[in-house]
C-alpha cells in the first residue's frame, strides 16, 4: 500500500518511513540504497530497527543531526567525480555530537574526515604511530622528538632550546663593538694549531663552537635514529638545521686554510652574507613552539592576501608619490619620484618618523589623503590573515577523540 | 472531505497536503495557484507527484529548503510593483542546495537570479558569449582580451603588463636628477629631423617612444577587432588607455613644432600637469589584475562612507584646531587656526611626524584628546569599507554552475 | 474527548489544536485566553478559522514566525510589571515578515513596537505630523524645517548651510596674521558711528555681520512659526543657535560702548573665551547632516565606554610614568613623574612625535611595554563604540512601512 | 502495543510519546530513566502529565527549548567522568527562557550552572550571604565593604577613593623639582622629635602621613570586622593594601633612626625601589571600579596570547634586526644588532619617534617590510584579548534572577 500511483517512480520502489525520536522522515527505498555500506542503506542492517507498529524504522537518536545525514542520501545523485557528495553539519549541531551520529549510521571514513576538516576539526591521531620499530632507534627517537614521552626527553628538549637561545645571543653580541673581533682577521700565518689557538682566544668563538657541536650531535643522532632517512632529509625543519650549521664550517675551514679577508672583496661579502644565515637558527625554535608553526602556516596560507597588499602598496606608492612630487617639486626631502617612496611608505603605515615630511600646502594635502588611503589599504587584508591564523590555531586545539564503530542496536 | 466548513475561504478552495520527505505542509489550493508557471502552481504538473494513499503530494526533496520555497507562495499576495515578492534562503541551507531546489520547483529565472545576488553569489556565465563573429576579428579579440584562451594570448598579456611596468619605471626614473633632461629644452632650432635627433639622444625618451608604440598598436588593433565599436569607446578601461597615451603626443608635436618652454609660463605648467597624466598607465594594470578591479569597485561603493569620514575629519579639524589655537596661541608651530590643521590631521591619523607638536600643558591636553577622537573617528567607517571589499571579492569567487531544467519526476 | 485525565489542569480547560500550514501546535485554551484582545485569544474571532475536519484551527500563515508568536502566549504567566512579556523574533525570520504576522494575529501595538526596536528597526512615521495648524506659520515652518517639502525650502537649506560654512571660514581666517585686526583695538574714542565706521573697515567683520543677520533672521522667524514655543526653546539645536550668535553681540556692544581691551586683563580673557564659542556654529550643521546626528547620539550612548577608556589611560599613565621615571630619572626629556605623562600618552596612542623619547636601555624597555599595553587598551572599547554607531545608523535606515490592520479571513 | 518487535531493545523497554505543545518526541523509557531525579526521569512525577487520549505525555512548554533538554537524556550514555554530559542550549533560544525550562524539568543544579556559565551568564547571588553574624562586626563590614548598603557607607567609599587619588597625586607631585625634598636628607642629627619636626616641615610629607593614617585605620578596622581572618589575609586586594602602606613605614623608621642616604649606595637604591611600590595604591582602586577588575581578569586570562605575542615580537626583532644591521652596517643610528632592537620595536608598533631611522635604500626596504609585518603580528592576538574582556564584562552584567523550583503542574 506504500507505493504511489503516479507514473515516474519505478513500481518496485517503496516509500519508507523513518522515525527519529518522533520526527518523521519519508523517502524512496532507492534513495537510501544509494549507499549500501551504511546502516540505512543496507536492508538487512536497518531491519533491526523495524517496528511493524506504524510500519516504520525507529531510531532513538539525535533529531537535528539527522537532517544533515538524510540530506547526504538525497544529494547523492548530484555527486560527480568533480564535485563529490559532501556531508554538511546543520548549523545548530555541535561537531562532537554530529561525529557520533555519523559513526552510528556508519558513514564512510573519508566522508567523516572531510566533514570534520571543513569544520576546522581534526580527529585525534596516535602521535606514536610512525616510530622506528627497532631498538635503540626507537628509544633515541622518542628521546629527541617526543619531549612529553619521558623526563629525560624533557631535559633534552630544554637543553636544545637553551642552546638555540645561546647561539642566537652569541650571534647578536658578536656585532657589538669590542666583541666583534673577526677570527679571520690577521690569521693567515702559522700552523693550523697556532691559527686555531688564536681563534679560540675569542671567547664568543668558543661558545659558538660548543653550540655547533651540540647541533651536529643532535642532527647526526636524529638522522641515525630516524624511521625514514629519505623523508628526514626532505623535512623543512631538518633543512633549517643544516643551513644554520653551514656558516660555521665555512669560517672554520677558512681559518684552517689561512684565508685573510680583505674589506670590500667579494669573498668578504660572501662570508658576511653566509654568516647572516646563522639567524636561521631562530627558525629551529619552531620545532618546539606550536605558536610559531601555526604562525608560519598561516603566513604561507595568506600569501595571496599579502601579494595583493604589496601590490596595492606599490600602486599607491607610485600614484601618490608622483602626485606629491608634482605638488612639491622643490622639497629638500626628495629630489625625484623614487625619492618620495620612503615618505609614502612611512606615511601609509602611519609610522611617520619625521625625517621627511611635506612643507607646502599642496604637499600636506596629498600627505593627508595618503595616510587615510594607507589606513584603509592596510586594513583590507587584515581579516583574511587573522582568520587564517585562527583557523590553524583552532585546528591544532579542536581534536575530538576517535569513536569505535558502534554495534547498531535498537535501544542505544 | 478536505474543504473547511468555516465561512471565509471560498467554498471551491481546497486544502492541499504536501509531504516533503515526511514533513507535512498544508495550504489552500489558491495559494499555490498564484504562480501557475511553477511546478507546484500548475495542477497538471503537480499531479505527477500525487499519492492517493494519504491524499497528498509526495516529494523526496530537501526539507529545510522547502520552508523558503513555501514562504514564497504565501507571501505572494503582499507583493506590489514597488516591493516585489522575494525568495529568501533559510539561513541554515547552503546556497548551491537551495539553487537546486529552486530549479526543481521551476521558479522564475529572475526570482532565482535575484535570490543568488542577495547571497553574494553569481551564476556561471559563458565568458566567450560576446565574441566577434567574423574572422580575423574573432581570433585577434581572443588573442588580446582572453589570456587564458591560448599560449600566444598569454604571451601577449605578459608583454602588455611588462610594457606597462616599463613605462611607469621610465616615468619615475625620468625625475631623478641626471636623468631629467627635458626633450623640449633648447630644442627650438633646426629642422624637424635635427630636433628629433637631439630628442632621441635621451635614452629614456627612446624607451618611452617604444612603450607608446606598443600601446598604440594594442589600442588600434583591439579597436579594429572589437565586436562593438560604440561600447568599446565607452569602456572606462579604454578611456584610461587613451588618456595614458595623450601626453606623449603633446610632447612629440611640441618638439616637432619647435616650442621652447619658459619656466613659470602657463604653457610650462600645462605641459607638466599633462605629463602627470602618464601615471594613469598604472590604472591600465586593472585590466590584468582582478584585485585592483575589486578594490576599485569597493572604493566606488564606499563613497558614502568616505564622504562621511572626510566630513567628520573636517569638523574635528576645525573644532580641535580652534580650541588648540586658543589654548596655545603663541606656539612657534602655528600662527593661526588654519595653521593648526596640519597638526590635527597628523595627530588624528596617529602619524605624528614630529615637525609640529604642542609645548604648553593646555596644548598637550587638547592634543591627547585629539588623538583618541581621531582613532575612533577613523575606526567608524572601517567596517563598511572592509565589508564592501569582501562582498565583491566573494562575488568574484562564489560562482555556482548553471543547472539545466530538471524534468520533474516523482522518484528524483 | 480533548480534555486530559491528569489532575492539575482544571477540568473545564480544553486542549486546542492549531494547524499553521501543516505544522501542529497544541496548547490549553487558557493559555491562549491570556491575551483576549488578540486574534487567537478571542474565542469568537478564532472560530472563523475552525475546521471540524481534524478538530483544529487552520491558518495558512508563515510557520517559522508562529514559533515566536506562540511563545509569547506561553510566557505570559511569567510576566511581571518589572519584566513585561516580550515578543522575540525567531532568528531565521526576516523582520518585515515577522511584523506582518504580528499584525495578522493582532498583537498589541506596544508589543509590536518594542519588538521592532529590539531589532534596530523602526516603523515609518508621518514626518508631517507635528506641523503648525495655522497659516502662515505652517508654510514658514515647512520652508525652514522641511528641505524636501518644496524647491524654495531646498534653496533656503542650501543658503543656510552655505552661511554656516562662510561664518566658520571667517572665524578661521580671522586668526591668520594680517587678517587678525581686532575691532576692539584702539576703538575707544569717537562717537558710536565713528566707532562702527572704523570697525566695518575690516572686511571680515562685515561678512561676520552679514552671517549674524542671517542667523538672527532664521532664528526669529522659526521661533515665530514654531508649533510649540516651549519645546522650541528646549531643543538642543536651537540652543546651539543662540550660543553661536551670542559672542557677536558682546563684541558689538563693547564697540558701541567704547571698551578697549588691555592684553592680559580678565575682560580680555573673557572676550577671547567667548569668541571661541563661535566654533559652536559647526554644530549647527548637525541639523542638516544625518551622519553628524548619528555620530553624536552614538557618542552619547558610548559615554560609559569612553569614561572607562580614559580611566584606563590615566591608570596606565600613572603606572608606566612612575616606573619610567625611576628607570630613567636623569633624562633631558622629563624632570618628574607628571613630566613623563605626555610621553606616555604619545606612546600609548602610537603617535610618537619624537619630541620626547627614552635614551637608556631601561627606559626603552618600559617604552616598548607601554606601546603594546596602549595598543590593547585602546582596542578594548573600540567594538562598543563602532557597534553603537552602526546601531543608530541602521535604525535611521531600517524603516518598515506601517501595515493596516488586516481583517482576519480564513483564506488569507 | 508500544514495544518494538526487533531484537536489540530489551523486551520490557517501552517506547514513550512526549507531546510538547504539539511537537512529538518518541524515545525508549530507559532513556528517560537515566536521570531518575528529574521530572521526566521519575515515572511517578511524569504520570501527572499523562493523557490516555493519544497515549502520550502532554506538556504545554516551549518547543525549541525541549530539543536541548531531550538531547541531554539521549547523550547520557556517552558521558564519562572525564567528559561529563553537558546541557547545551539550542542556538535560537534566549538564555532566560532556556533557564526556565531547565528549572521546570527539574534538572540538576550543577548541570544548570554549567550550562549558564558556558553562555557567559551567571545566576543572581545574594551579595549579603557572607556577612559576619555578630554586631558590631556586621555593621562595620557593611559600612566599609558595601557602599550601596547605606548612605554612610557611600560616604566612606567616596572618602576612600578620594584619599587614594590624593596619595597618588602626592606621589607624582613629590618628584617635581622644587617639591622633591627628601625627608631623609641631612636629617641625621638631633632628637627624634627634632627629626620629625624637620620632616614635617615638608607639606607633602604631612599629606602623605594623613593618607597613611586613613589607609591603616581602614585596614585595621576591616580586619577586625572581617568574617574570616584567614581568607581576609589571602585576598589579593588586602595584600595590595599592605604593600601600598609598607614604604611609608620604612621611611618613617629611617627618619626616627637617623639614617642618611648616600647617593649611589645600595640602601639608597633599595629605598628608591621601595618607594616605587607606593604606585601599587593605584591597584587599590580596583576594589571600587568594576572595569578595572574585569580588565585585570581579562589580562590574566589572556596571558597565553600575550606570551605568544611577545615571543613573536622577539623573533621578529632578532630576525629583522640582524638583516637590517647587515643591510646598513655603518648607520649612525646603531652600532650592533642589539642596537637595532629599539628601532625595530618602535617601527613594528608604528610609533616611529624618529630618533633612529634607516638612511640607505637597503635599510629603508627592510624598514618597510618590518612595519607591515609588525602591523599583522600585533593584530593576531588582538581578537583573543578583546574577546576575553567582553566575556568577563558580559558575565558581570548577564545576571538572571534565580527561579524557585516550580511545582510541576499539567496546566503550567
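Which chain is which? They are A, B, C and D, in the order written, and residues in each are numbered from 1.
The criterion applied here is as follows: contacts are C-beta pairs under 8 Å (C-beta built on N, C-alpha and C of every residue); 3 or more make two chains touch, one makes a residue touch a chain.
Treat the numbers as computed from the prediction; the structure is a model and nothing was measured.
Put simply, the chain farthest from subunit B by mean CA position is D.
Different-residue interface: subunit C and subunit D share under half of the residue numbers found at their contact. The interface at A-D recurs elsewhere; of C-D, A-C or B-D, the pair that shares more than half of its residue-numbered contact pairs is C-D. In terms of their C-alpha centroids, the spacing between subunit B and subunit D amounts to 45 Å. Here the CA centre of subunit A is 32 Å from the CA centre of subunit B. In subunit C, the positions touching at least two other chains are 91-92, 350-354, 382. Of all residues in subunit A, only 350, 352-354 touch subunit C in the complex they form. Those residues of subunit B that touch subunit C in the complex are listed here as 1-2, 4-10, 13, 15, 17-18, 24-28, 30-31, 67, 70-71, 74-75, 77-78, 88, 90-92, 308, 311-312, 315, 318-319, 321-323, 325-326, 335-339, 347, 350-354, 357, 364, 367-368, 371-372, 375-376, 379-380, 382-383. Here subunit D touches subunit C in the complex through residues 19, 21-23, 47-53, 58, 60-64, 91-92, 94, 97, 100, 168, 171-173, 175-177, 180, 272-273, 276, 279, 282, 285, 289, 291-292, 295, 309-310, 313, 342, 345-346, 349-355, 378, 382, 385-386, 389-390, 408-412, going by the rule given at the top.
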